[in-house]
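The letters A, B and C name the chains in turn, as written, and every chain counts its residues from 1.
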Amino acid sequence: MSVGIVGYGSYVPRRRIKLPDIARVWGADAESYERGLELHEKSVPARDEDTITMAVTAARRALKRAGIDPLTIGAVYVGSESHPYAVKPSGTVLAEALGATPAVHCADLEFACKAGSEGMFIAASLVKAGEVQHALAVGADTSQGAPGDALEYSAAAGAAAFIFGADKLVATLDAQCSFMTDTPDFWRREYMHYPRHAGRFTGEPAYFKHTLGAAKMLMEKSGTKPADFAFAVFHQPNGKFPMRAGKMLGFTTEQMQQGWLSPWLGNTYSGASPIGLTAILDIAKPGDRILMVSYGSGSGSDGFVWTVTPRIDEVRALAPHTRVLLDTNKIYVDYGTYAKLRGKIRMGE
Amino acid sequence: MREVAIVGIGLSRWGEVWDASLRSLWTEAALAALADAGVDTVDSITVGCMSPGLFVGQEHLGALLADELGMPGVPATRVESACASGGVALKAAFAEVASGMADIVLASGVEKMTDVSGDECTAALATAADAELEVFHGASFPGLYAMMARAHMERYGTTREQLAMVAVKNHKHGSMNPRAQYRQEITIKDVLRSAKVADPLNVLDCSPITDGAAAVILAELSVARKLAKGRPVVKITGIGHATDAIALHSRPDMTSIPATTKAAQRAFAMAGKGPQDVHFVELHDCFTIAEIVVLESLGLCAPGEGGKQAESGRTALGGALPVNVSGGLKSKGHPVGATGIAQMVELATQLRGQAEKRQVAKARVGLAQNMGGTGASTVVTVVEVAS
Amino acid sequence: MSLNPARVAREFPSRYRLEAAKCAGCGHVAFPARLVCPACRGTKHTAVTLDPAGKVLTFTVIHVPPAEFKGQAPYVLAVVELADGVRVTCQVADVDPAAVKTGMPVSLEFRRIQEDGEAGVIAYGHKAVPA
């Protein structure tokens, strides 16, 4: 039985802050961030946007493209490291808002930046096992970096949602795999507001080891090589890492360009490679093969091989395209407004 | 139905009265009204108060205040209809006298608003709007009236300056009222330059937060004639009350207040009068736009003409139809539960010819309009000098 | 106003899913659902889901907000008429207040409306965004 994506949707907040506006406040060299990390601006969630609201809108867009009855969704997974509640699932709100309750399995997932792809892995597997007719997986985050920390230049907000099924697919899932070790490169302890990271240890032994490991494992498992893919998308904590990882594997800029959003979006954590996938599906042609590899600190990568079906041409216009969300209707905010929106200003009791 | 007259009137101090509690404010007004009437007891007491629970943490006002006045045992009831609580307390007292249940009734209103913070005050007032459909989404009262203002401006061409002229006029009136909270005159420029609250309304388009109480003594007409002591006897000849959906968005037309129109029709029908018979008006100018919309809804000018009434001078003291010569809610102050009763105090003062500098010439028929929320509760009263 | 969890939860059908009640007698759509039809006093209804598309009928820009909305001021509050004639009061989000006009097409989007401090429940609902 063939399983895959029945509908997909994304959400990008309209607010943006430019990297130089952050760097100026902390006396940092903006040019080095822009050139070195290939980051120019990032999305900023408003006070009324959080992982749950972004998940709902992205999922509603996925439902429009899927054209299915929400009551046929048997599982809902929300992957995020910024769930609005520490205890109480984001997925219950999402399922309720979609009208998918009560016969639905629901879980919130957390694995730094790969919580979204974890949900996709589980959702696809449940459909494949015949447990549910449709399963919804969302990767969404409104991540925070500590003020002045390197992460503040990239931590952004966005969401992507995928409905999995065995019928009316827009992309078949040809192979999936996971590559995981215990690697303490980035974490946030219970009750802490901001995450900590291990500086350059987040690079070679963490991001690159797992991303490349998963990609190689996946291509071996599926008997593919880079030239077989029309598109590839990797976790994108900044603009530089995914391009470098892709090139190390033998992918070209052309294959990676469409899903490469982070220079203008920032790192949407659990949403990062999934939103990249939505941007690819927005333009992919039937028969195109797509490689996707996520990365989550801690650390691990999930890899997927997708093949686009002819149905893509019928559904892609039913909801906003990701690049349109990214490139239009932007509202730029200054650092003071950003600090207010992100709750970084100490308020009166 | 028996005829009902106003035989005594009283006000407490109005403003930010830091040394007075709810109960002492109310008692000041009640004692003043009893003294004015020349009576030392009443058959019944009604108290209009919007939200003592939220403002001072006290409910059960009827018994509390009857006792405070040294009248334990007298039936006393608090009635509530948001900012129309005073008007509804008047109606309840009127019904008791008119029906023969009582001969002399103390109708009163009170609100103590400064014992809470500004935020708490805003929250208490907001309970007059629809909690789930309006307040939940961030509505404030200035915001709701601002939406009425924009609708009126866009439909009829009412101008920002015309709104300001209502405030300018009412402050001028208030400057002549020694009981008014804000007695300084203001200019159109002052209003336009004042701080934005809810666009297009600025802070000088809004009535203030006020501590205050008001009381009137109602009596059956023959009793009233005995108590008159040479003063003109002032009768309530018509009283109308109507309601509507609380949420502004539920009304087909957001530029009028249908409950005010209905209440006015009922009051006029009872009085055997019409809008053309009214010599002066006290109406509920909680915001400048309210005076404009209410004039239209009362039938005192055509729909869309409300903005021109202050501008032309028609509604100023000396004009053809003086409106809010007391200063209105805007200048005199707006202790919400007391406002409907305070309007009666002003009407009686004018009809007795005791209003001094702000006296309306040849005033024999006055009308009061008191409303709650965005007009979902309205009481309209017609008061006349008895022949 | 209080964000008691039970009180918040009972509004989920309208706040989360835009569920309304269509009167079996006269066809009037009441939002949120109520027991008595405000148009004909009928008491039989069927549940319908509202189309989130609408237009701004009137609006204001709140500069002095209620305490729960302090972090959001200035914000646009509007009366929005939805496609099937239902009217709602809600905020217009993601817009320059100076750019809002009556008649402007909008669409309702799922947003965080209020929260009970940092430790209490979060109340979600819909705001209008430019269409």
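Everything below uses one rule, namely that a contact is a pair of C-beta atoms (placed from the backbone, for glycine too) under 8 Å apart; a residue touches a chain by one contact, two chains touch by 3 or more.
Every value quoted in this text rests on a predicted model; they were computed, and no experiment measured them.
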Name the chain with the Cα centroid closest to the overall protein Cα centroid.
C
Busiest interface, counted in C-beta pairs
B-C
Centre-to-centre distance between chain C and chain A (centres being mean Cα positions), rounded to whole Å
30
Could you tell me the distance, in whole angstrom, between the mean C-alpha positions of chain B and chain C?
32
So what's the Cα centroid distance for chain A and chain B, whole Å?
59
Chain C: which residues touch two or more other chains?
72, 91, 113, 127
Okay, in this complex, where on chain B does chain C touch?
119, 122-123, 126-127, 130-140, 142-143, 146-148, 150-151, 154, 195-201, 245, 247-250, 254
Okay, in this complex, where on chain C does chain B touch?
1, 11, 32, 38, 57-69, 72, 75, 77-79, 87-91, 97, 102, 113-114, 123, 125, 127
In the complex with chain A, residue positions of chain C that touch it
12, 16-17, 49, 71-72, 91, 93-94, 96, 109-113, 122, 124, 127, 130
Counting only contacts in the complex, chain A reaches chain C at residues 14-15, 46-50, 52-53, 56-57, 60, 84-85, 93, 96-97, 99, 329, 331, 340
